[in-house]
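Both complexes shown next keep subunit A, but they swap its partner, so subunit B is in the first and subunit C is in the second.
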Partner chain A sequence: MKKNVLIIGGGPSGLEAATILKKFNYNVILVERSSILGGHLAKWDRLFPYMEPAKETLDVLLSNIDGITIFKDTEVNSINLLDKSYNVILSNGITILADALLITTGFDLFQAEKKEEYGYGIYEKVITSAELEEYFKTLNNNKIDNPKKIGFVHCVGSRDEKAANRACSKVCCATAVKQACEIKEKYPDADVYCFYMDLRMFGRGYEDLYLKAQKDYAIRFIRGRVSEVSEDINKSLVIKAEDTLSSKPIRVTLDLLVLMSGMRPSSGGEKIKKMLNLMTEDDGFFSTKDSIYSLQHSKLAGLFYAGAATGPKTLPDSLHEARSAAIQIHNYLNN
Partner chain B sequence: MIEFGFGISPSSRINLDDFDKEKWNKLVQIEPEILQCISCGSCCASCSGGVFQNVSLRSAILNIRNGKTDSAMELLKGCMLCGKCTMVCPRNINTRNLILSIYKTYSEK
Partner chain C sequence: MKILTSNILQISPSEVIDRIPDSYNNFVIPFVIGITFIILYLSIGLIRIIYHLEKEERITLLKSLFKPKIIIKNIKDIFNDCLIHTKIWKRKPLLGYMHSSIAFGWFLLIVLGHIEVALFVPKHLSISEGSLFYPIFYRFFVWVNPEHVTLRGYFFFFLMDFVLLYILSGVALAMFKRVRSLALGMRHTTKPSLADRFALYSLWAIFPLRLLAESFTADLSGGSFLTIPMNYIFHNFFGNSLNFMPTWWLYSTCLGIFFLAMPFSRYMHILTEPLLIVFRNAGLKVTKPRVGFAEAEIYACSSCGLCIDACPMNVKKKNLKFSSVYFIRFLRRHNTKKINAIANKCLLCGKCFALCPVGIDSPSIRVAQRKTNHNKYEYNYNQINYSSIPKQSKTLYFAGCMTQLTPVILNSLENIFKQAGEDYTILDKDEVICCGRPLMLSGREEAAKELINKNKKIIQESGCNKLILSCPICYKIFKEEYHLKNIEVLHYSQYINSLLENNIIQVKKEDKKIVYHDPCDLGRGSGIYEEPRNVLKSIGELVKADKEREENICCGGSLGSLTLEQKDRNIITEGAISSLMANHPDTIVTACPLCYKTIRNNSPIDVEDLSEIISRNIIKK
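Let's look at the complex of A and B:
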């Protein structure tokens, strides 16, 4: 009889792992709490650093899902650890006896309104990186009305003890640089500023993207964290920061401000954590068995992780982890 | 009248709303490489003028971008155009040409 592998979370990691486990001839069941597959990727327009369309990337993942049992709009109600398997009850009433569990619950975006000093939800012209991405997709957002001066705030809800998150979210620097180029493409006359603390352009092609942003799009990078945003009588935004490279306070009036929301553990993951008493680190993401060789293993036999459930990751990182998890699960089920 | 020595100090704040875009665009046109500076400081570290005087290309570029062009010119006054900074700039900026272009653009009032 085929063994059952249950995957919790239908984002890129879950989809990629499901495809490979199916090829290994397991009975793969994937549970997704929302009505769409693809997680954050499904909401994105283009991907850094080479501007690939997110939709094409997702279509590749979705083209291989035949033969996988997928439950959308479905939550996990309970999980019981049996002798060598997990008894999982889903919100649609179905019970599954899983020989292995893979947790690909990913991340939620930091809620930008928590950084009240940036005025998200208070001032009209403050939006999040996710909303800007949606605008690139739909070209529809009444807050974006032919802006002439646009700012990007890096590290919103990341690297910030005041936001209860010391960690770097890894992808938002490259995303900000990408989005800065894209908005400049749409509004070539606009002045575009990025307020950063460090630019973390670590991946292949990222530094080229940074150079392009400087050279071809004339983006102004200002090293300094925005301290506060206020609104003037014309509904323009007044930004205060320090230009730390010249040790002087800096002020600029903008008509669009984009907040680079960081990655936080997903609420779906938190639920699973409580059900099985799973371990998390200080950053709130799941603990892995060790930090070098067993990044896909948990402390529980038969329970595996892939993707941003164990901390911020780029899309290619998450896909690698999904493939790695599929191999680890295969090894586990054959021992 | 007795002078107590009080006075109002001018604000040192950078106000990007007052930035002279026209002159800047002119400079970028003759030396577009200025856009590529990453404020690394290599130019200043290798600068022979900077050993004796307050010469700093890095700060000058920053000052221009912040609308403080007079301070920028001041920081390049001691430059001897030796070209050492051109040899070290990691962004491959033709710094010597840039310094001359800055002079050309901002010394005509």
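Let's look at the complex of A and C:
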């Protein structure tokens, strides 16, 4: 009889792991709480550093899902740890006896309105990186009306203890540079500013993107945090920041401000955590069995993690983890 | 002298006569040593404190001693705080009973002892006739003539026994409290030092020993319901009343030890507190952390430990050592390293001050301590522009940096101003000027004063007659340090409250349960508790928090602390939120941009600012 593997979360990690586990000849069940597969990837337009369309990657991920039992619009109601398996009850009434569980619950974006000094939800012309990405996809957002001056704020809800997140969200620097270039393509006459603490261009091709942004797109990078945002009579935004390289306070008037929301543990993951009393680190993401060798294992036998459920990750990193998790699950089920 | 006494006896038979030749016995020596030491110590201490006061402070103090109003207040406060302990009674009745029974009881014993001497053997009130010890050991020195005892005598016998019983019940409670502090309403109590232990155990022994000693002599010098039966028992057991000498020796020795240990123990507060009250009522304030007025405060600390439970840092036990009581203990011991560590760590929420039964202003001592370390940095405020007020109006609004970082408050207030038809100017619309309080809190008084003077000039020259503030942190310093002439300084909760009371704006009700969080600087710091609550009652149903008003827990965001880590702050915030959630509110409302930001980042339910909820529900004209 085929063994059951249940995957919680239908983002890139979940889809990739499901595809491989299916090839290993397991009975794979994937649960997704929303009505679409692909997670944040499905909402994205293009991917850094080479501007590949997100849809292409998503299409590859979705091309092999035949034979996988997928429940969309479905949540996990309860999980009970049995002797060697997990008894999982879903919100659609179905009960599954899973021999292994893979948690790919990913991340939620930091709620930018919590960082109130940036004025998200208060001033009309303040949007998040996710909204800008959606605009690139649909070209429809009434907040973006031929802006002449555009600013990007890095590290919104990341590396900020007051926003209860000390950690770096890893992807926002490259995303901001990518989006700065893209908006400059759309509005070539606009001045584009990036307010950063330091730029973490760690991946292959990221540094090139950063250089290109300066040389080809004339994006102006200002090292220093934005202290506050206010609105003038014309509904333009007045940004106060410090340029720490010239040690001077600066003031810029902008038509659009984009907040690079960081990654927070997903609310779906929080629910699973409570059901099984799973461990999380200070940053709120799940604890892995160790920090170097067993990144896909949890402390519970038969329960595995992949992707951003264990901390901020880039898309390629998440996909690697999904493949790695599939192999670990295969080893576990054959021992 | 004996002959003289008997001569008098023959003329008019007296109720009470001296029993002991020369009215002296060696057992009084320990007591006399102790009381002499403490009187000398106290005098030198008083001279030291007065020496360290500034000249103007000395003059204010001297003047206050001749103002009838202050004299009456001094007497009232000393009676209430030192003897009756009204403050402790109000919070924890059992603890209050314990304290007042010992303090007031002992005071009564001393006073009644002297009255007895004055009534029956008045010559012993002079110092050459042993006034130092005679009234204390009165029952040892006299013989009461049973044939001549008057009702007056019996009255005093009864009163003295009754008071002793009253004290003994307090001592019993105190002993019980050492074993189980929680029973008397204290979660944590202080760890006594060595001198504390000496003083404590001798204090506990004093009153039972007095009972024993007076019981032994009750057949000679009179007694009542307590001492007479005990005297009867003793006589049946010991057969010989000479056994009583050791108990009188012990009683005197314990008193001596207590007085000798007193200056080095917490019990110094008994003598210092009246002094502190006189200084405080004169209007003196802490300016230096260790000498002058602060010294009176330090020695007035009774080390009771009520501040341990009060301190918001103690939600998790690991921060116990940062409480005021230990801070003051380290100050007494001149432990500079620890003094600085605690002074810098404190949130300055003022809860320990608000709940302190002695009223020791330890937050001010902390700020004074910070001044010794941080006042030396350079500063330059030449860039502040005087010409930045665009137009002149009667009402000036100062947002301050925290409100600038919380645009929803600024927007809501502007809406309220417009609806109220207020002609207003925003003082810091373009350039944010600091009110000076963060500098003040970090001990940089000189820099703060310079800023204050610059701001004061701008405000005074603007020609306004009303200054509205939305940040309690600013409000406190504007109220206390700016001394603005002919300008009414208002927190916006007061302003909105007056708008509602005078029907200038109307609001519609929401079907919501609201809990109000008292910002430290608004509530405890400025005494504004009612206005924001009044405003909220017009919006929805106001529910209570577990701890509120002066007992409210700091939100954890306070600017006061220089070194507290974010992690520890978050724990405090959780504590504050769980107190607010006690009665299952739908919304938390506060009236401080900093509290608002701090609570909002951690709250499971909606958090709104007072101005926001009003602005949303204002009925447009």
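Side notes on the structure shown:
As a working rule, the second predicted complex is superposed on the first by the 335 of 335 C-alpha atoms of A that agree within 3 Å, B and C clash if a C-alpha of one lies under 4 Å from a C-alpha of the other, contacts with A are read in each partner's own complex, and residues count from 1 in each chain.
Note that in this section a contact is a pair of C-beta atoms (placed from the backbone, for glycine too) under 8 Å apart; a residue touches a chain by one contact, two chains touch by 3 or more.
Predicted, not measured: the structure shown is a model, and the values here were computed from it.
In the superposition on chain A, contact is made by A:Glu161 with subunit C only, not with subunit B.
Once the two complexes are overlaid on the shared chain, A:Thr253 sits against subunit B while remaining clear of subunit C.
Look at A:Arg204: by the touch rule set out above, it reaches neither subunit B nor subunit C. In the superposed model, A:Tyr123 lies in contact with subunit C only, and not with subunit B.
Once the two complexes are overlaid on the shared chain, A:Ser230 sits against subunit C while remaining clear of subunit B. After overlaying the two complexes on the shared chain, residue contacts for A:Asp243 are found with subunit B alone; subunit C is out of touch. Using the contact criterion defined above for the overlaid structures, shared-chain residue A:Lys114 touches subunit C, although it does not reach subunit B. Residues common to the contacts of subunit A with subunit B and with subunit C across the two structures: none. Per the touch definition, subunit B reaches subunit A in the complex via residues 12-17, 21, 28, 32, 35-36, 39, 59, 62-63, 65-66, 91. Partner subunit B is touched in their complex by these residues of subunit A: 191, 193, 211, 214-215, 218, 220, 223, 243, 245-246, 248-253.
For subunit A in complex with subunit C, the touching residues are 114, 116-117, 119, 122-123, 161-164, 166, 227-231, 240. Residues 404-408, 410-411, 432, 566, 570, 597, 600-602 of subunit C touch subunit A in their complex.
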